[in-house]
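Two complexes come next, and they have one chain in common, subunit A, joined by subunit B in the first and subunit C in the second.
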Partner chain A sequence: MSSVTSTLFLSLSAPLLALYVAFMVYSQYRFNPRWQALEKRLAPLLSLPHLAVALGLVYLFSPGGMVYSAFAGIIGHAAPDWLGLPRKSLLTMILAISIKEVPFFLLIFSALGRQLAIKDWLLQGRALGYSESASWWLLVFPIMLKQSRLALLAAMAYTLSVLDISLLIGPNIPELYAVALYNWQTGFTSADQANAFLGNLLLLIMLATLITGIYLHEWLVVMRLRTNAVMAKPLNIARLSRVFTAWLGFFSLLTVAILVTFLLWSLGWNSQSTLSSINWSPALWQDEWFFMQGPLLNSLHIAFFSSILGVAITLLALELQQQSQRYLPDYIWLLAILLPQLSMVHGWRIAHSDLSASYTTSWIILTHIPFTFAYSYLVLRGPFQSLNRHYELVAASFGYTYWQRWWQIRFMLLRPALLSALAIAFSVSIAQYIPTLIIGAGRITTITTEAVAIASGNEQSITAVYMLVQAILPFIAFLIASVLAQRIRGSFDATHH
Partner chain B sequence: MLRIINCHISTDHWRIELPDIFLQSGELLVLTGPSGMGKSTFLHWVLGDTIKHANISGEIHLNDVSLNALSIEKRCIGLLMQDVHLFPHLNVLDNICFALPSSAKDKGGQKLNKNQRKEAAMRLLNKIDMGYVGEHFAEQLSGGERSRVGLIRALANQPKALLMDEPFAALDPQTCAQVSQWAFEQLHTQGVPAIMVSHDINNIPPEAQHLDLAKYYRRIAS
Partner chain C sequence: MMWLTSKSAKALGAVKRPTNASGLLTLCFLSLLVLLPFAEVNAQDNPSSEASKRANSQQWQQTLASAQGETVYFYAWGGSKPVNDYLRWAAKEVARRYKIRLRHVKVADISEAVSRLKVENGRNSAIDLLWINGENFNFLKSQHLLLGDLWQQIPNSALLATKKLSLHSDFGVPMDGFEVPWGVGQFNVMANKGLFDHETLTPETLLNAAKQNPGRISYPRPPEFHGTTFLKQLLVALSHDDKRLYESATPTAQNELLPLLWNYLDRLHPLTWQQGKAFPSSNTEQLSLLQQHQLALAVSFNPNQLAKEQSEKRIPDSVERVYFAQGAITNSHNLAVPKGAQNPNGAKVVINFLLSEQAQRQKLKGNWGDPSVITPVLDNASTLPAQQELHSSWQQIIEDSWQQKYGA
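On to the complex of A and B.
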């Protein structure tokens, strides 16, 4: 029972914390020259896998971690353990997920912000005597909160059934619910199978509880803000937002610190080291390269095909909706990221076994596609639907057929957005753990499954090698996407209507 | 009284040297001129907004207090735009309550509670026979209703001056004439000096002052 309550608490609190932080960051950056820098860095920052953030925090801030050791070095003796971040605890999970989800909510706010007259509302608010930060909370937040329901649900559903980081940094007693459920799902006894069935049901009930939580939270907050608006009372927390002007610098620094920490560990650093006593050596990389090649090639192969197919199906879905003028609600398209992954993939595994299907990368690619599709849809829907129709109208007046126009105008104008979608889909696939593990039944290994397997042991140095590779693959994808996007002329105008 | 003196607007290509503006309480100044000549920029400058695409200098005094160093929220100047931007998450009554000063008091000198503030907002609506829209949201109002509610909301804030940027341009000619006539009467009755940007030079009230920016526009030889 305590496993269920702590999981529910984590799944509610971490995404909500991230949402509030993201809103305060957004309010501090949106109408400021810093906004462009943030928009530029948002996608690569978003691509850093959850696992890398989670383990990175542990490598940095837990007792024996880099920052902790540096602090001990400064004060001259070992700092007390309570000062460090626990290696496995609910607090560590909350911190890791809430820090990691902030860029995701910023991406959502950035898209929402383009459709709302925020600047005018703020101006009106200020002309009526409210400060800018009070206007953000009283006038903008209620609307953004309502429109962020799906994003909030996606983050909560992810947290509810995330397995890899629950195993590695989640508490042991009680273990988080995803870990317990996974143990039942993979158990051989009939009692385990019965528990797995009931456990999946309970997971759905927990999801329903979270949905109720989202609505209840929204109702309470909107009521409170409405009362403040009616009473012309600015919020006391409004001033707190100013602290978040430093967020971009902080998050960039944290990202670099995480990557540097993994690099140092992979080159010989350990928790007993001092900078002068380390024997720097690439030996670990040379040794591991032999074992890493297979998982690395699998990761690249699966991510390459699942991202291309995910983006292609997204284009098809958007095109079909446009042609039929029948638009399905977003939650249908985003179902894969709104439902708990653990239950969904368990269902797929049963179907996979019933079909007596093989354990090949093709099946893994198939199971990654719903996720690469959902994220591509999130990224591409806005640019696709807001593309200026006049371009195609002009082409039609020149005698181009529908498909000629589609390919020569629409597709070409969408290229920068398509590149971003491909990079995001690629990084989503690289970070997938549950579908790869469950459908591959351990026979198909990727960088992520290997990283989790090694990190479950005590080999921090080897873990660092795999974490670094897992974190760097999405960065490479974003780098390639950004270099290619810069070579496309007129791209900015086409995607920023 | 609103005083704007020594006002210059300039870009790399042109420059406008405005005559000094003096508006007594309840007086209206209508600002006209071709598009791109800085009319809205001028309004936003008076409001205290950051101006990006032009340089503006001058002194603004409201009731003998210099406004130049004050932020928007401290200036006590209302703003009415073409889209009056009723906040979409608040109904009409709550929009007006949002604008009522937080210090609003009843006859006994007590701060108004939530219900009293709503009643005060309703009284303002009833004064113009629009009590029926109190519970409505912005998207349920017609263009004319929205403009009226926008002005009532702006006046509920008890501004010491009001700026209007083509506030009735989106209305059909008949409604525009009715609503603008009503709005000017409201401003006059409440003694609020106002500046209005307009393209409609045929619809300037006879009692209003008129400033055509084109008369003061000078191109800068490159």
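On to the complex of A and C.
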């Protein structure tokens, strides 16, 4: 397969796979007491960065990885290589991205679910004689699929141009397209420069192909479900759904396993170790801590401001649309995450350099805002628009002015949603690699840029230190958000039923 | 003599500080007058005195003075812990001695810095100092993006072991003072003991090793430069050291020599890691595969790497160092200052420090183990027989044809 076709295959299959898994999980959990647990754990699970998932899978399951070695230890001799996950392959890449995107789609579905009358549809389905699982697929899935087009496109655009993961675990014969394009963009021969220009165009064509793919897939699915419904054929996929009742447990276990792997590596485990010979020591942490403070402060500083500004601009955009009653289509607002990041940032960089602009955190905050904005828009739009108007009407009848009502009622009602939007925007900013690297010229180092530069050397122990810190930052943000949200929920909560 | 000059320089330095600018100049001048006769006589055989003579020059003292308080952004590959640790040590020393802040900007690939310089096109640069060699240097030099005259201006370049090592050109391109050697690379292979019978390897013994250990042999994917060098070593051996490899690659020479390499690789690749459907992205990735016993060998440009990794218990003692029978391809890795650098004086002071005896010794003896380039610290014990670099025109041709044949 050529670089372009394998990249298209990856960008199409991994997000779709994630969407199907997420839907099956959703259908198993939604009207079940476990839903509460899932909703509570969703955000922290979502916060594990892509890079950590990708490297974690390789550290655990590749030949020579921890699970693989443990297995070899149990059976007494080295297990065959095909049992392990290949270190660099399309398969590894598809697995990493699809596993990582499931919580993202669950988040989208959970937001959609609040607006759709799923319970009624399932009742109607039962009245028509369909089993519950068949009703999920026949009645709920087509609508959910349509409603999550943009989320699907965002995941696909991300996969299409993701660089750090492609470099580390993607196949390199041929290279994934993002890697080839990045090499052209950073290349310096005139052929490279011409290729970079054409390559950006090709990337847009690939994006258009993916959009076509989304519509085509939707059409095929609806056709297929319709025939199944008419012919009363059993749905094989409905049976598969039951497997995913265990998803929450499985995913939590995987997350913990990944974090523990990083922790063990950072404390002195290495591939030469046997359990008895490991020399556990926090030396690496002590060494690195001093040098990590600068990048850590930069990360926090940038993420703090870009998430607050991103959420504030989202509120402004939603408010202005509501006041004027003119709504721009969502894809305009989400442009930053629907366009391939590589091409967009390449353009910014040229502009930034032409302006002879400085390499300061303010510029980086500016370049993070489109992304923090887009994700918080994705999260806040639903709660904002489905806000119960009743309270505001009552307040108006008591003579509250518009701004008093906005601040004391709407804002207060939105607080839980705002908190999770802030946490998501924060973790989006923490994970940004390309804009930080390119606009900051590498002078402004963050935990993520350090992590990628260090991971390029494949020294697992020190990479593990940075991976852990990178994973912990968003986790802390979500933790704070959920603690605050719980305190708010104590008084009242209108957005969550 | 050496003792005397450095001692007197120190003494003068101590006197200088409290006096005013004109006094300082006079003292400098006087010290030069005192030192000049000795230095001139001994310059040829005693590089140290030449270096300290230059260090006491008025020009250098001005450079030192104006470098104080500067922040030097040093763009260098950030994937190696020993290198990063070494630069942290250097940063501490430079701060203490010269009041310069040295910031290591870790890049995943130095070509990022090169393309940045191209975009900046000589305007004020984000980069003050960079670690390069080969085609990156060739490009920057040809685009006039580098500061010249470094050898003249930096005192410790007098210490460079130009007689013992070939340090005047970089992949066949004359340095002409646009970069200063920092360390030496010698291409070698770290292999499990018993994989090869001798201390040296040939294409034949490599193929045999691959037959006996299918899936355990690989090399970094070209155009990663370790991978390209691996191919060059094979080509030298397969063509029995054809002289045309050291000249510009003519179409006839390409047609006659390159098929030797491709025929060989056609036989080797089915026996390699993942059947040649994937290659390690870099030498470091290959090393981590060796550590995990997935590969039986890994390549390196540092002749001391194996010993260092073994002393850190990161590679088992059952691994040995071998090299290609024709000799190890040897080149230098270098330091350069962009023309648009904001703190060129600071950058020069840093280079001067990195070429000092103390810094070069620390580089060799510390965890990094990178061979020194200066006469006082030369390390003959670990030096391998050298093989000349190929003419630079072969590089692109080998990389491009490899990409067409195996990379897509």
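Things worth noting here:
In this section, the second predicted complex is superposed on the first by the 491 of 497 C-alpha atoms of A that agree within 3 Å, B and C clash if a C-alpha of one lies under 4 Å from a C-alpha of the other, contacts with A are read in each partner's own complex, and residues count from 1 in each chain.
As a convention for this text, a residue touches a chain if its C-beta (ideal position, glycine included) is under 8 Å from a C-beta of that chain, and two chains touch if they have at least 3 such contacts.
Only a predicted model underlies this, so the values are computations on that prediction, with no experimental measurement involved.
On the superposed subunit A, the positions of subunit B and subunit C stay apart, so the two partners fit side by side. By the touch criterion defined above, A:V452 reaches subunit C but does not reach subunit B.
When the two structures are aligned on the shared chain, A:S131 is found in touch with subunit B, with no touch to subunit C. Taking subunit B and subunit C in turn and counting the residues of subunit A each one touches, the greater count comes from C. In the superposition on chain A, A:R226 contacts subunit B only, with no contact to subunit C.
Of note, the Cα-centre angle with subunit A at its vertex and subunit B and subunit C at its ends comes out at 160 degrees, rounded to the nearest 10. When the two complexes are overlaid on their common chain A, residue A:F304 makes contact with neither subunit B nor subunit C. In the superposition on chain A, A:A441 contacts subunit C only, with no contact to subunit B. Contact with subunit C, but none with subunit B, is seen for A:G64 once the two complexes are overlaid on the shared chain. By the touch criterion stated above, A:R349 is placed in contact with subunit C alone, subunit B being left untouched. Measuring only between alpha carbons, the smallest separation of subunit B from subunit C in this overlay is 44 Å.
If you check the complex, the residues on subunit C that touch subunit A are 73, 75, 77-81, 84-85, 88, 103, 105-109, 111-116, 118-120, 123-124, 126-127, 139, 215, 221, 274, 276-279, 281-282, 284-285, 287-289, 291-294, 313-316, 406-408.
Listing the residues of subunit B that touch subunit A in their complex gives 47-49, 71-74, 76-79, 81, 83, 85, 87-90, 94, 97-102, 104, 114, 117-118, 153-154, 157, 159. The part of subunit A that touches subunit C in the complex is made up of residues 2-3, 63-65, 78, 81, 86-89, 167-168, 171-175, 183, 185-189, 270-272, 287, 291, 349-350, 353, 356, 359, 437, 441-443, 445, 449-450, 452-460, 462.
Against subunit B, in their complex, subunit A makes its touches with residues 117, 120-121, 123-124, 126-132, 138-139, 142-143, 146, 222, 226-227, 229-233.
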